[in-house]
Amino acid sequence: MNNKASGQDKLEEIRLDLALEARELASQTYGDQIPGVTMEQSEQDGIRMSRIDVESDEGARAMGKLKGHYITIEVPGLRNKDSDLQDRVAKAFAKEFERFLEKVNIPKDAKVLVIGLGNWNVTPDALGPIVVENVMVTRHYFELMPDQVSPGYRQVSAIAPGVLGTTGIETSEVVQGVVEKSRPDLVIAVDALASKAIDRVNTTIQIADTGIHPGSGIGNKRKGVTQEILGVPVIAIGVPTVVYASTIVNNSIEMVMQHFRQQTSNTEYIFGALDKMNEQERLAMVREVLNPLGHDLLVTPKEIDQFIEDIANIIANGLNASLHEAVDVDNVAAYTH
Amino acid sequence: MNNKASGQDKLEEIRLDLALEARELASQTYGDQIPGVTMEQSEQDGIRMSRIDVESDEGARAMGKLKGHYITIEVPGLRNKDSDLQDRVAKAFAKEFERFLEKVNIPKDAKVLVIGLGNWNVTPDALGPIVVENVMVTRHYFELMPDQVSPGYRQVSAIAPGVLGTTGIETSEVVQGVVEKSRPDLVIAVDALASKAIDRVNTTIQIADTGIHPGSGIGNKRKGVTQEILGVPVIAIGVPTVVYASTIVNNSIEMVMQHFRQQTSNTEYIFGALDKMNEQERLAMVREVLNPLGHDLLVTPKEIDQFIEDIANIIANGLNASLHEAVDVDNVAAYTH
Amino acid sequence: MNNKASGQDKLEEIRLDLALEARELASQTYGDQIPGVTMEQSEQDGIRMSRIDVESDEGARAMGKLKGHYITIEVPGLRNKDSDLQDRVAKAFAKEFERFLEKVNIPKDAKVLVIGLGNWNVTPDALGPIVVENVMVTRHYFELMPDQVSPGYRQVSAIAPGVLGTTGIETSEVVQGVVEKSRPDLVIAVDALASKAIDRVNTTIQIADTGIHPGSGIGNKRKGVTQEILGVPVIAIGVPTVVYASTIVNNSIEMVMQHFRQQTSNTEYIFGALDKMNEQERLAMVREVLNPLGHDLLVTPKEIDQFIEDIANIIANGLNASLHEAVDVDNVAAYTH
Amino acid sequence: MNNKASGQDKLEEIRLDLALEARELASQTYGDQIPGVTMEQSEQDGIRMSRIDVESDEGARAMGKLKGHYITIEVPGLRNKDSDLQDRVAKAFAKEFERFLEKVNIPKDAKVLVIGLGNWNVTPDALGPIVVENVMVTRHYFELMPDQVSPGYRQVSAIAPGVLGTTGIETSEVVQGVVEKSRPDLVIAVDALASKAIDRVNTTIQIADTGIHPGSGIGNKRKGVTQEILGVPVIAIGVPTVVYASTIVNNSIEMVMQHFRQQTSNTEYIFGALDKMNEQERLAMVREVLNPLGHDLLVTPKEIDQFIEDIANIIANGLNASLHEAVDVDNVAAYTH
């Protein structure tokens, strides 16, 4: 009955947490111009930014994602422990996040509460709590000695509310309680996500102004962490840290077939009817087989301990620099450990 | 500005967190019969129980402790890693805690919220969070599938709210928010304490029905975690995990003097006026010297990592057995890791 | 240049670390009677024991495994955190290991050195170091106060030598140095393995008298930890803690095809030529596609932190009980934390 | 019998691990000019360097320290988590260590083995293992692909041999075995020390060319890690991370008396015969009282987790910069995590 660490995250369906992945899927149906959805991409020094805006209900339906603004930062090089690249990503994240705050009309002095969702004791789920540990909090100085706070800082607080399996309380309720008492103007919720592609794990950061919805994230959060529930805007920062075994399989089958398609036109000879299924059908088939056998586990790369720490530092550094004017993007590393 | 791990626990004065220590001190003035205070002691197999009731305002003044019921469990042998003894202490704690719940009129089906005060990342302050990690939570089963909960369990939830220095929010406010949302009938707050005697560190557990008051505990909790603030009874469970350098010094001077008193009547010859100071005066002198030099640190035994884990397991096991009838004192170890 | 945590474990080929898996594969060619290989299986209370003896060079060639004795303990239920089951597995392991020591002619007073291979800081590779941490060492008592050692104990020492990527020294050389100085009669090497089946991860323990050979295990050990090199017998204890993404894929394709084979005879219609490939061909194809893209990662279940700790405790408890007569299988838990 | 974490470090006598402290004590007898001992001090930006050379047997006797060269780096400010200061200390350490290597005639291409003494699982004793984790090892590149090693690197390897209580093998023997197999030209041994002053804990680094001798350090190392035993020079790097309760007491009594001496000439009135004892006599008295009661614990500041990590990073960064010409003092942070 007390499965603390075991997670209890029987997710009902494979969610596409990343808007970028949802867009890829949708473009199989709609082609490159998905109605009500705009995308802009740029790349510099190994860091790729995709800015996707889901502008209409039609776009939301097509994408299977809520209306809102999504930014994806992809850095395949994060796989190789490279401190210089990590610094550059922290800076890029800070700059992009600052711009995002402006875009969604968050004032420069808005009081911020950073929520680190997930479970301390399950490494791939510990992203949020580790970010919270390294975020520079200032709210108590404003509350207790307001005249001594230097200019260039805003009120920031941070909390890791735990997960349903270890608290017995819905995360959403804990956050609601904290918001009601501490009265922030903005909530930033950091969470670990599931990806459908193993190469996105720990190399991708998503920023969105949609909040965190039931079934998102890899932990237990059936009620959302959203503006509707909390009464203040919620920006979600997510990093895929796990993949379903079934998506690895399905993805790989697709890759194998693409590989052979480049060599022969007669893939039907090799793959039979499999070749004619679309991705959803094939995934359904794979999961139909894997699930009853208990094989559809969430998996994570072997080096997850180091990856999680690196990317949590990037996000914490980036948040510190973008939330406090007095914290320069170049001295950002000084504030975390 | 962001001294996360450094603690910010400039405590104003040396508090006697343990009622037992307060009583010892008070008896220097009042002798063995402190007015308005009763004490009963028993000892079995190396486990000593002291039950102190502060029954009147006069007693409270004499003790410098709030009116209420205090239980102290002293087990010097916990210093030596002895699994059998640890099991026996868990059982003794469970039995005593059950009795305590009855004594302070907590009904058998009261919904319980366990609060683990303190900081994950500062080992001697991590007692509360580690207990929370090992407490068996059930509230979500009652909420989500009430008809499937076996008899013999009560609703238990648990949360580690962090400390002011890492959250920027008063612990008391976080707890208030969580209580308002989750509506327990009883709060059990687990916290690390400061002791004045190094041999009590990690060998003593105190249970009290007085809540946790400003300045108690070694972390940052200036507002209390009390019935007045939360609206439900608060039972505090505390374990001394640190001592002030100044109390070690003062204590040791006392021990040195006692040692010589047994050998000679002329201790004045050896100790001069020091011999005539009472404990408070001597402590004031020691602190006057140590403090400005920054030497009055809180210290903890070198083996703190292991001690904290052992005693946190004892408390979590004991709570699990005493809160759930279906959890037997003998199978108690099965529920924690 | 300093990729400490990144592992550097570019393994040249997918090794079948488990004899049981090698046997399954070989039986696709040889049927149930593999020449020179005997197997005996038993099952009790959810614990399955397979005892495989590779008795001739012919058997070794057929299996792709060295001549020797292999025991596999499979406990699918370990996935669900169940303390009772864990205790039963520790006892079963202890009993089986004791028998194994007799079978391979290790005397009751042989001095034992336990080697915990792998990397502390990479959770799925930390099995060996965690076992070492919990093994009861006694050698120093025998060396320093031999007349005070109670009967029923033998000389046990234990060391975690680190991995090539963090030490710069071949593990095999470190072990050799330690063996030459400490002169054990037997080395027990504990290591994390790669499996080809995700459901074997953290649910299977293998015992073998073949030592650890170049390319075995998931770390960096190009020289072996073997009797040839160390001059004393080496018993290897391994637990699969990771799988290659490619084996998940390949395995799943197989499962999907088997699933459909049960429903239709015309699987060629569905799977084309894929259906006619044997497992090795299909795996080669999957890896050909995944590898150049860097997708053939080693992955581990999300809950690896808890799994590793549980199974390390089982092995440490089991070793303590089987190595020391005075340590009873029932009091075994008392010696570890 | 298996007190892994409990330490087993019954040290026979209070050692003065720091030459600086030994010198202070000796100067009570000899005055500022201790025969055969020279000292030179400098201070910059809150970092104080003391270079003590014990040049004759007479000096060694007077100091109670071996002949050799000692450097002490004192940085009281390390108490306040200040990243800039930490960077400056790493650079100062690197520069000083490079000079020290020259002074003791270590060639620029000497192969180095870094030994991290102490116990992973006892935070104040984990300094050595944490440094080892962050040292940049290169030996395997030289061994396995010598033509691909860039200029400016030397051969460095690193190992954490564990402590007697958890391995059952003398640390010295493990190191001897590793040295014989890996053949370094120089051993650098990093260890946690005991100090007699609580304000030196985690703020002081000592470098010495005397190796590590029986009874030094806070762990179990009765045989030395010295040139005599290993056959190559041994440089010891030590940081005090613990103090004896007895030295806190004794020190404080001294401070209290000094305090009053400044106010009155008649300290005998206040302190009696205590005033006339010298430091050694008083310490003997304090320990006579504390020891039988088991009160003479080794203690460490409450914030030890953070302190240890910070100072281990300083040392690892400093070593990386001073051992490899290609690693610049300014990019030094890039190589550790």
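Just so it is clear, A, B, C and D label the chains in written order, and each chain counts residues from 1 on its own.
Just so it is clear, a residue touches a chain if its C-beta (ideal position, glycine included) is under 8 Å from a C-beta of that chain, and two chains touch if they have at least 3 such contacts.
Model, not experiment: these values are computed from the prediction.
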Check: Relative to subunit B, which chain has the most distant C-alpha mean position?
Finding: C
Checklist line | Self-contact between copies subunit C and subunit D, residue sets same or different by half | finding: same
Check: If you fit subunit B onto subunit D using the CA atoms, what's the rotation angle, as a multiple of 5 degrees?
Finding: 180
Note to self: Centroid of subunit B to centroid of subunit D, CA atoms only: how many Å?
What the structure shows: 35
Check: So, what's the distance in Å between the C-alpha centres of subunit D and subunit C?
Finding: 40
Note to self: Report the inter-centroid distance (CA atoms only) between subunit A and subunit D in whole Å.
What the structure shows: 44
Next item on the list: Specify, in ascending order, the residues of subunit D that touch 2 or more different other chains.
Entry: 4-5, 81, 121, 306, 335, 337
Next item on the list: Within their complex, state which residues of subunit B touch subunit D.
Entry: 3-7, 79-81, 121-125, 198-199, 218, 242-243, 245-246, 248-249, 252-253, 255-256, 259, 267-275, 285-286, 288-290, 293-295, 297-306
Next item on the list: State the interface residues of subunit B toward subunit A in the complex, per the touch definition above.
Entry: 1-2, 4-5, 120-121, 132-134, 136-141, 150, 153, 155-162, 164-170, 173-174, 176-182, 335, 337
